[in-house]
Amino acid sequence: MTIRAGIYGATGYTGLELVRLLAGHPAVSIAFATSETSAGQSLRQSWPQAPDLPLVTAADAPLDAVDVVFLCLPHTRSAPLAAQALAHGVRVVDLSADLRLNDPAVYARWYGVTHPMPDLLPVPYGLPELGREHLRGARCIANPGCYATAVLLALTPLARAGVLVPGAPLIVDAKSGVSGAGRTPKQNILFCEVHGNFSPYSIGRAHRHLAEIEQVLAAENPSLGPVIFSPHLLPTDRGILATVYAPVTDMAAAQAALRELYAGESLVEVLPPGELATLGHTVRTPRAVLSLTPVTDSLLIVVCTLDNLLKGASSQAVQNFNLMFDLPEATGLLSAGA
Amino acid sequence: MTIRAGIYGATGYTGLELVRLLAGHPAVSIAFATSETSAGQSLRQSWPQAPDLPLVTAADAPLDAVDVVFLCLPHTRSAPLAAQALAHGVRVVDLSADLRLNDPAVYARWYGVTHPMPDLLPVPYGLPELGREHLRGARCIANPGCYATAVLLALTPLARAGVLVPGAPLIVDAKSGVSGAGRTPKQNILFCEVHGNFSPYSIGRAHRHLAEIEQVLAAENPSLGPVIFSPHLLPTDRGILATVYAPVTDMAAAQAALRELYAGESLVEVLPPGELATLGHTVRTPRAVLSLTPVTDSLLIVVCTLDNLLKGASSQAVQNFNLMFDLPEATGLLSAGA
Amino acid sequence: MTIRAGIYGATGYTGLELVRLLAGHPAVSIAFATSETSAGQSLRQSWPQAPDLPLVTAADAPLDAVDVVFLCLPHTRSAPLAAQALAHGVRVVDLSADLRLNDPAVYARWYGVTHPMPDLLPVPYGLPELGREHLRGARCIANPGCYATAVLLALTPLARAGVLVPGAPLIVDAKSGVSGAGRTPKQNILFCEVHGNFSPYSIGRAHRHLAEIEQVLAAENPSLGPVIFSPHLLPTDRGILATVYAPVTDMAAAQAALRELYAGESLVEVLPPGELATLGHTVRTPRAVLSLTPVTDSLLIVVCTLDNLLKGASSQAVQNFNLMFDLPEATGLLSAGA
Amino acid sequence: MTIRAGIYGATGYTGLELVRLLAGHPAVSIAFATSETSAGQSLRQSWPQAPDLPLVTAADAPLDAVDVVFLCLPHTRSAPLAAQALAHGVRVVDLSADLRLNDPAVYARWYGVTHPMPDLLPVPYGLPELGREHLRGARCIANPGCYATAVLLALTPLARAGVLVPGAPLIVDAKSGVSGAGRTPKQNILFCEVHGNFSPYSIGRAHRHLAEIEQVLAAENPSLGPVIFSPHLLPTDRGILATVYAPVTDMAAAQAALRELYAGESLVEVLPPGELATLGHTVRTPRAVLSLTPVTDSLLIVVCTLDNLLKGASSQAVQNFNLMFDLPEATGLLSAGA
């Protein structure tokens, strides 16, 4: 079986990784890749290691030549294309934020614009390790945010097990490589601004990923305290590390909840006691890795790391695609060396 | 007036910065600089921008030719030299951990060895902005740890003002450049291990700087909760950024306490509301910079940054030296451009 | 004496360094600093360590309030302001390329535009160590390019001494930190494009600095071979290192020419035999450092390093300013620690 | 068919890459991996992304359980193990320098020690694109040095085509990431020494790879001039870029020689005219990429880049292994995404 895929927004960092993964996926042929700024060129001109793939504008992309599209586009530009594809009977994995929030009013509050396609909502949230039943065979999946993936992998098992102290703030101190900020030139992501620097941004209750994080956690347990989320920009290209300070009611049960939920997973691992998760565990892999450090009777530090462009975006999109088409979930993601 | 200074351990990163500062200090002449491994060479062979200063062993250092010594040595090696210098009537600024803890039993617990010179204790703790009265004219000063300086600048004013929630954990998520790990070759600080990586270490209640942090905070307010301290290694050479999650009883009073304490300081600054402190504010300067982000009614995020080799070590040592000899505290530290 | 200075283009990397240097210069007061994009803000919003200096547009800059202006502007925008300032009796140090080439036709050929102010030409070329007689008291000085400074410091003494093999290609393999590309956002200087990368660009006979390099060398010796100049982009923020492969007729005379020319200089140093110049020798200093490696009887490798923003731009501009106003040439540049 | 492989020196950077490649190779099973310092541990303790492979000492490695060994060891330690393996009927791919030079006297001159196993010499030099006939079915192959691979890929086709100017120096300005210096802790490869720095080393006629480079070139054409080889240390972890200044007698023939020799190769590519090779073309791939820039009628700049750990070491070792066992040469190296 060959599934024909189209990729919108192929020249951004997420799109480039997705092309790379899909080009190596045994069940996929890439039918088209779009770029508004580089249409007419080869993808190789955007990235020297890319396959020699011609780029077209979204308007010229042949929806009738594909079975699925991946949308690596900014929010508000993505949802209309999702609607168009679904109307053509084409399935959709949306890597933007447009389809992650069930309630258009919440979207409007966090993103500052009216939701462009509220009728599409709700869409299954594609974080397979936290629930893949709604993803199997789905026609449309909302791929989670990079930070949201890391935070939810750490906190959801605790929320589900009922071991988080009700009402207590859930402090998450997160750090991301620069590729999370995209490839559009801006002064704050120039080499000379980032090299030798390290910067907090949108700390506390300001980052947009809080919306999807709290949506998922509230569905598990409505009595949780607020998530305090402090992202920082690391002087490296890729990778996210979230240091999560979880106030727990039962330390043994908390650790067991995390170890048990991920025990059978091939792409999420909890390290043995005493070992700490680092970016080096996960960068350039489709995996997330967690470590557990009990500090006091009631405070568990969970460190969760992943590659923001892979498990935080494109390889998770491939997991979702595989589930959508009833393929083994890690198809195209795991080689012996990766 | 020229004060004759000797520097022990001149070829480490802290020692090199101290030499640079003292070489430019208008009231200092450097009488000797020691290195056990490079004795007989010029300091320039250790660092291409260093002054052409001959290195001697500690055993060959002429104590009778100096008025003050700076000890940039590992713990346990420092205290005996401090005792020897004091016995010769030479004043001491100790940059090691040996003289920071008042109680030798606490030292033994955190450092795993018997204190080498318990009779020297206690020694004034040299964090001038938190109390400089005991430092003026002192014969011996314990220079604080780099992380401890950052954390105490953020938390001490809150403890002193009585606005921290009693018993609540004080979560500090800290990040440091690699120079904090010293210049002795070890695999974990090789370029290829750090580049593209980011790693937590000694998180929770394990890092030795907790001892001095809690000693200072307990003296301000014995009812505080535990400090949860999670250091991480940044892929950059220098700088510390501590993100401090302070549970406060009165948000306005908390912010006022920080702003007021540092209002007249030339080397510590609290940024205006809305601006966040970054490494870029302080790297290669003798300053610490703080920012205040109120998140909820009861949670204040204080970000404190400084250069671990300067305000976290050598420029703070010069502040202490200036106080010791009744010089203006910022002598040799502030030029218009720095 | 206080000389009142205005700085055009203060928010670029070169402008920021110049402000820092002039703010610490004992004979200078900064009267204004311009920025078209940030006028109305403080310079501190562009750079957290900058002085709190208000920015105005070039149109609003009070030329009658200054004795000298420094032009840190793109080519073609600089020369008209130079003409305007000179017409007001204000002296000019121009850091752009506009005034470096004596012949407007050569300018047109290399820069692809008609020279905006040909009547200003020629202007003394401000590389003091290669000839400061025309700079003392000058009303207008053309500050050399960063690469040109490094290459000319290595080759001019050899050309002057007549020891270069006539007609033989002069191969220069040069490497620069990213700040040389300026602060205007472009994709190729984003952090994620440069980190982990290293790229040649404009190699051979394509880079514009060839024009000023060959103008200077031809004035020394018209029989030289072509300069082959290959710049590369380094994954670091600042610094230039040029590896110059000089075919020489007399190895001893060649080395002597370099050592003797710089023997009395405070800002240019030739390292002792056996030691190689590195970026670490010069980054964040106003100095250039050279090393000499004789390879065969007829091939001398000269490595020249400097900080592209300092000796390659702003500190050299201060040297030229000092000469212009009969101040000691290194005023404001050398502290004991720098 | 499964070929059983043993890897000596698995915890260095080259060994780690080789394990990763062989673990994903469809025809290989890894029978053992050695480390003197980490024997008894899992390879995963040396590298978080490594397979969970037990490490043994070389003395405990079961030679009778393997068909081939890969030697990732320092020179002088490698040749005796090669002799031992060959004596057991086990084939050898040696990644050290021990078997690269045909003449033990040349080895003694460049490496400063007597060759430990001169009777093994000569051994085929494993640079497949320059001649794979001696590698097919070979029992022992000397894997080339990383710099040597880059330089020879650029110069050998020109030497073979007879288009290099006889006797003229062949200037090679090369730059390497830090992993080329190995994983044994030394001060000069600490993060803080390399970050923000760039350094030449062993420039001119001093680097050991000159011996193998000139051995290969002399076999093609004995009338060539000396190779002038100047390596520099880049502030990045991996990758080599060599800028080669080739004096040619016929520019068209020179370019044709390079394009034609590599026309059918899957792992070496010559870029189209106008495009320049960068580290980004090859890092983390098994490929070498070259670009050609004609500068004058008689000077061609060839830029050659590769990943020093892959085409410069471990993936080239896999090419050689594949040739040795009559497998398609790129087996285990090329996936669609790599």
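Here the chain labels run A, B, C and D in written order, and each chain numbers its own residues starting at 1.
We adopt the following convention: a residue touches a chain if its C-beta (ideal position, glycine included) is under 8 Å from a C-beta of that chain, and two chains touch if they have at least 3 such contacts.
Note that the coordinates shown come from a computational prediction; the quantities given were computed from them, not determined experimentally.
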Subject >> Smallest count of steps, each to a touching chain, taking chain A to chain D >> reply: 1
Original post:
Which chain lies the greatest distance away from chain D when centres are computed from Cα atoms alone?
Top reply: B
Original post:
How many angstrom lie between the CA centroids of chain B and chain D, rounded to a whole number?
Top reply: 46
Subject >> Gap in Å, rounded to a whole number, between the CA centres of chain D and chain C >> reply: 39
Subject >> Contacts with 2+ other chains: residues of chain D >> reply: 193, 195-196, 235-238, 278, 280
Subject >> Residues of chain C touching chain D in the complex >> reply: 169, 171, 173, 175, 193, 195-201, 203-205, 226, 228, 230, 232, 234-239, 241, 243, 245, 276-280, 283, 293-296, 299, 301, 303
Subject >> In the complex, chain B residues that touch chain C >> reply: 20-21, 23-24, 48-49, 51, 195-196, 278, 280-281, 284-285, 289, 335-338
Original post:
Can you name the residues of chain C that touch chain A in the complex?
Top reply: 13, 177-179, 183, 185-187, 189-196, 235-238
